[in-house]
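I have a structure here, written as structure tokens, and I will follow up with some questions on it.
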Amino acid sequence: MDSGIQISDILIVTAIMFFIGVYGFVTRKNLIAVMMALELIINAAAINFIMINKLVFKTNLHGVFFGLFIIAVAAVEVAIGLVIILNLYRLRDSIDPEEITTLKH
Amino acid sequence: MDRLTILIIIPVLTVLALIFSTKRKSYRVIAAIGMSIQTLYSIYLLLEYLSIRQAGNTSEMVFTRSIIWFKPWNIRYEIGVDGIAVAMILLTSIVTVSGVFVSWRIKDLPKEFFVSLLVLATGVFGFFISLDLFTMFLFYELAVIPMYLLIGIWGSGPREYAAMKLTLMLMGASALLLVGILGLYMHSPLIEGQHTFSIQAIAHSPMALSDQLFFFPFVFIGFGVLGALFPFHTWSPDGHASAPTAVSMLHAGVLMKMGGYGVFRVALYLMPEAAHEMSWFFLILAGGSIMYGAFGALRQTDLKYINAYSSVSHLALVLFALLMMDAVSWTGSVLQMISHGLITALFFALIGMIYERTHTRDVTKMGGLMKVIPFIAMMYVMVGMASLGLPGMSGFAAELTIFVGAFQHSGVLERVFTVIAVLSIVVTAVYILRVVGKMLMGPIKTESFYHMDKARWYEKTAAILLLACILGIGIFPNWLYKLIRESVEPMIKLIQ
Amino acid sequence: MNWSYTIWIPLLPLLSFVINGLFYGRMPKKMSGWLGTSALGISTLLSWVTAWKYFFNTPHQGPYEDITAWHTTWMHLTDRFTIDLGIYLDPISIMMLIVVTTVSFLVHLYSIGYMATEEGRNRYFAWLGLFSFSMLGLVLAPNLIQTYMFWELVGVSSFLLIGYYYDKPSAVKAALKAFIVTRFADGFFLIGILLYSYYSGSFLFEDINNIPAILESNGSLPVFMGLSALTWGLLLIFIGGAGKSAMFPLHIWLPDAMEGPTPVSALIHAATMVVAGVYLVARLFPAFHASDHGFALQIVAIVGTFSSLFAAIIAMTQMDIKRVLAFSTMSQIGYMMTGLGVSGIGEEGLGYTASMFHLFTHAAFKALLFLGAGALIHAVHSNSLKDMGSLRKYMPISHITFLIACLAISGIPPFAGFFSKDLILEAAFEKNKLIYAVGWITAGLTAFYMFRIYFMAFWGEDKVYAHKPHDPGITMTLPLIVLAIASALAGWLPFNEWVTSNHETLHTHFNIGSAAASVAIGLVGIIIAYILYKNPSMTPQKMSNRLGVVYQTVKNKFYVDEFYEGVTQQVILKRIATPIAWFDRHIVDGTMNLIGNTTVRISSIIKGIQSGDFQVYAFGILIAVIGLLVWLNYFIQ
Amino acid sequence: MTWIDTITLMRNEWSILIIFLLLLATEILLDDRRQHQLIPLAIGLFAVHTIGSFFPGKAGELFGGMYRTNDLLHFMKAILNTAVLIILFQSYHWVKTELAPHGRAGAFYLLLFAVLSGMYFLISSGDFIMFFIGFELSTLPVAALTAFHLKEIRSTEAGIKLILLAGLASGIMLYGISLMYAVTGNLYFADFLVNTDHETLLIFGLVLFLSGLAFKISLVPFHFWAPDVYEGAPIAVTSFLSVVSKAAAVFILLILLLSVLPELSEIWKMILYILSVLTMTVGNLFALRQTNMKRFLAFSSIAQAGFILLGILASEAVGASTVVYFILIYVFTNLAAFGVVQAIKDATGKEEMVDYTGLYRTNPRLSLVMVLALFSLAGIPPMAGFFGKFFLFLAAAGKGYYTLVLIAVINVTISLYYYLLPVRAMLLRTSDAPLAHIRSGSMMRIGLILCVVGILILGMYSPLYDYILSLTNEWLQ
């Protein structure tokens, strides 16, 4: 069955996602929120892969598998990230990006 | 083991001996022995060379040896000497050995001092024997870096500043030089599909004029900085002022000669057309700074500054003569390099001795030293006379040759600057005699100067050795002239 | 005939220099003096022998030929420019040989006594040996470069000897002045040599003097300001000569040079070195004469004449006996230059011969005057004429010899000076009346100032002396006597047979008129001096007061020194050297430092980028990515 | 493809996996008090592994081209192994005293080896999936290592910065890959760009993708994380980051550009050109005024990366082999410097440049090692660094990048200035309170001696360079 979705639409959507993610990444004042923004970025890529595979290159499943791997790895990444953030929270009870600027110049 | 590599082996072995020796007293002895052997060996080399020439060997380079090093780039350990190189090697060894003697009483970290001194010497020797641009460049940098430590650790005054400045300016120069060398390599003739760093090979098929015009300035300035080319000479006064005696000797006596030698062997020899095209510009720089340096020296009161500026003036004369692109003046400039090497070395040695006794280098604070330290004072007068070109001393022979050679150019620019160069000897006389009059003659100014210890044996050894060479060349210059001239001849033929 | 032994004439003094120099300090007392003296004695003997052989014992018809007695290649620059060291014998070089060795020998002898009490005696004799060697090398030179080399060496030895009392500031100052002024002249000398030899293609005198050959080998010579390159070369060379011979305006070093020991003044600054300039012009006489119809020669004549008058005027006012003699030397050398200047070649070569003759006689009586003055100074321990008076009572020998010298220099027959000076005046008379007039007046002035010092020193009222003056010992009186005999009789030598411009006998005819004139003016001078100074009186004082500013100007040597002082101090040092030094330290070096500092400053300006806030970093990355995209787009389109 | 192939071709991966499992097992068995016994085991095993990795293997593909290897790749892995081995030697004392007591030594080694295996896969990845896995595996655990000092805020901060920015980078990179995928429809390197013309989308993808890699090599302006992380992380990790992961990233970049994306060369050459200029210059300018040795070395290694790009720009065999050669030299040189920092930190806990004042008088050997390392970094003969740099410039000049070379040599001069600053502190100056004499342990000594030998020999010993070149030639056939 053929839905009316064009690849261009997908790319536009994911591009928007991507930039929302970046925006969030740069602006959020809470590390957890930053992590979430990061997820947006990565998932934008994942969606790209899957949809491109689905809509353009139907012959094989490279994109889909790539998508799966991306999800897995993203999970790992978040896990490690959260652990470190947790540790930070233990050291000084705050997860504000502004706090962690002791290393500079 | 071929003849020339030994020139590198001896200092390296000496360095190793120093590193593994532990007795504090023995360092200087080891260094002295090593360098004496080196000197004897280079004299032997000279004789060997002469005999080979006698035997009728007319090839440009002798004792040549070429070992492939980095095949992909066709980089070779290619060595060989002609008369010029032999002369420079002899100069280097003599200056080095007297430098070792002068620094006999070095207090702080003697081992490290002699090690760096000898590493420097190694670099210089390697530079003079190498016929491969890569090797040459390698030895060049090897020779420059120890200066930083030598000035920085054992220097006086604003030593850190001086050392850093000297190193950066010379290394900046070598950066330019590197670009020039790469250019030479890339435009060198293809031998079995490979470019080459070999000087001889490049010289026999130079690159197109347009490329030469691009790369010539890089190489000329790159070496010129080391040869105190205006306006890149300012490292040398500060460097001299802060450097310990022996280092000033090597620095002015040998290191700066590498500049002139490089200009001569690489810039002019490998890019002659460009040299002809651009000589006017550099002629103005060099010819101008002959007078410039002399007048600069006129106003200094610090002995080392005076001699630093006089070096600027004399080395400008060297570059000036090189730019004349004429057999006689080239020979003259090599002569001038050698004679100036000996003279400045002796100058700085004596300054060191005087400073050791008076604890000042300010001319205006001294006076009447002739009475208390007659030997050193007399030596100073003599070397001063040599430096202002008194006949019978090496300086005169060199300068006369340069002037005669330079005068064979009837071009207006050449004429004007030749006249300026000749008149500079007047200014030289003024600043030299000013020092002699103020410092050595006249009444003794300071109470403490009445009793100074006389020159010690090692000081005398160094001074007499150098003065002997100066006089020897001055009275019998012809053999040296012949030696150099015979090597200059083919180069000139090739580039014209 | 073998002349190669002549090499020993210069070598022996060199030997004495080397030995005295090396064993300086370890030498027993007096040893050095006798060593030098004996060395010079031998060379003197040799040179007399040489002269005898050359003039009387060489079979020659026509001119005396030039002999290269010995030579070796010093530096073989190119086949054209080969620099030889050699010994070149011809009439003038042999004449100079006689002068130099004899005077030097006598001075050595004299110095043994004069310097007996000095500490650095060995040093003194070493320098003396060095000087004699260099001077001999100079006169024997077969080519210009050798001339120049020894020219420099005599300069140095003169520097060292003037600065003999090196702890005396005035002596040091004088020494430096002498060296630097002459060195300045030598700079032009060297340029002249190079310029000339570029066209002549050789340094050898015979090639240089052979103008026609040069002209046809070069085709047309470049002309600058109406003078050919050769003339310019000769003029530059003459500057060198003028420097050494203390011609105006390069004379300022000579009076100060009197700071040296008196025998040195006698040897270097009266008899030998200062006439080197004259000798040089004589050497190149054919060239001077031929190029541009002797234009350069006219310059020589003018400079010479002016200097002679100029110096004579100053000499009348000086109170220091040695300075008077110094100026008189300058004036007499002026005479010699005039002689050369007005001379022609061949049969008109009277001036040449006369000048050489005067050089010869002048060496004798001027050396005598200086040594005599030395004796006086030795006796009264002062240079000033104020401290001398009626010394004739105490030191008869000195008195007689000094008187002879004065008569000689004043040109009173039958003493030597009369003949030579008279010949010069004759030559001048034929050439140019004005020059003759000046010379004639100068002769009068000379007589006046010489007898002024004579009367002031040996007559006048008795002064109070620390200890009674007396004639010096034999080593000092002997030279006086010898020289006195020489300056009395040298005039009778047949110079016109020996030393002539073309080496052939020159037929001179004694011109009674001009002789009478010059004798007359001489006598006038003497008489005036007699009236003024025979018996102490206030008249000289009054006269000088009446002259006022003029007198002051003259007494201060026309303020020439002050002028030079101003030029060197104000212009060269303040206006040129100081700015250059400043420029170098601040502008050139400043730029280099600026480059370094700018780099460091930039790095501290941009440090803010590394703010430490990772969100800023992220933003930076984003910008970078977008920037790259834009940049690439720009390229792809 | 037989099972035997999988072993021979993947022997590095297998052996590291075995070591990994062995360590895991022993760690589980050992109780925390005896943890330190783990250390010699780890080092010993890994030493064997390293030596083994130098034997040339055989070339081939696995898993339908997802994994491919050849002698050059083997050699690259060997380089990485050597680096890690030296780091293990140098970190011995630190692990023993800081980690083992808290029973964290095992974790450290496991993470380290995990990262290393990730790099193996990254280097010999045959398609973008494998590449991505390798890339993440060689990044994420490092973040954990960076934050290994749980009690230190700086360490944690560094960890956070690394993990987040790395995430961002990989996100960008993934997006780029996806765009390229959209054009090519293929993820295998082997025939990645066949029958595709250069659409703008592809170029966009390429740019985003390269940005990701540039981040890992810490090229300006993707370098911001590097100094902070380097300064915050434990020295062992810092040296790992600055040497090993940088090396791995450069290798894969080299492989991708030269063997996968050669058709796009004029595009990526433009990108690398500007990146290299920026990297050299900015890196140097920042390094000028650093006072903390680790941060100082961080910026210096950023600048060095800029020089490496010259080699990649030169491309072809000579360029590639020069890059590998330079990396090899760089490994020894940089680790020597970090080793000295580590030794001094272990003994005195100091890592500021001022603390090094007058070091030569008390610790001549250590400071000599440091001086040699710095001179080598500055490219002073006869140290190896000189040859590496010279050849890079030579390669670049060979392609006519004279302007770039000129910029580079000027940067070398600037870099000389700041490399001389520690030398000045250690040799030229004398301090009234210098650091006491340090007796570093035997392991540290072995590590340092290895480095010094490398610095002195590698440059002069030309056959090595010929060998690498021959490998590169094989690979590029």
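Going in written order, the chains are labelled A, B, C and D, and every chain counts its residues from 1.
Here is the rule we use: contacts are C-beta pairs under 8 Å (C-beta built on N, C-alpha and C of every residue); 3 or more make two chains touch, one makes a residue touch a chain.
These numbers come from a predicted model, not from an experiment.
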| item | value |
| --- | --- |
| Pair exhibiting more inter-chain C-beta contacts, B-D or A-C | B-D |
| Most central chain, judged by mean C-alpha position against the global CA mean | B |
| Longest centre-to-centre distance from subunit D, chain (CA-based) | C |
| Whole-Å separation of chain centres (CA-atom averages), subunit B against subunit D | 43 |
| Separation of mean Cα positions, subunit C and subunit A [Å, integer] | 98 |
| Inter-centroid spacing, subunit B versus subunit A (mean Cα positions, whole Å) | 66 |
| Averaged-CA centre spacing for the pair subunit D and subunit A, given as whole angstrom | 27 |
| Where subunit B touches two or more other chains at once, by residue number | 168 |
| For subunit A, residues that touch 2 or more chains besides their own | 22, 25, 34, 100, 102-104 |
| Junction residues of subunit C, two or more chains touched | 596, 607, 610, 612, 614, 618 |
| Interchain pairs in contact, sorted by label | A-C, A-D, B-C, B-D, C-D |
| Subunit A-facing residues of subunit D, complex | 127-129, 132-133, 136, 140-141, 143-144, 147, 150-151, 153-154, 156-161, 163-164, 167-168, 170-172, 174-175, 177-179, 181-182, 185-187, 227-228, 231-232 |
| Subunit C residues touching subunit A - in the complex, by the definition given at the top | 607-608, 610-615, 618-619, 622 |
| Subunit D residues within the subunit C interface of the complex | 160-161, 164-165, 168-169, 172, 200, 203-204, 207-208, 211, 215, 221-222, 224-225, 227-228, 267, 270-271, 274, 282, 285-286, 288-289, 414, 417 |
| Complex contact set, residues of subunit A against subunit D | 7, 11, 14, 18, 21-22, 25, 31, 34-35, 38, 41-42, 44-46, 48-49, 52, 56-57, 62-63, 65-66, 69-70, 73, 76-77, 80-81, 83-85, 87-88, 91-92, 100, 102-104 |
| Of subunit A, residues touching subunit C in the complex | 22, 25-28, 34, 97-98, 100-105 |
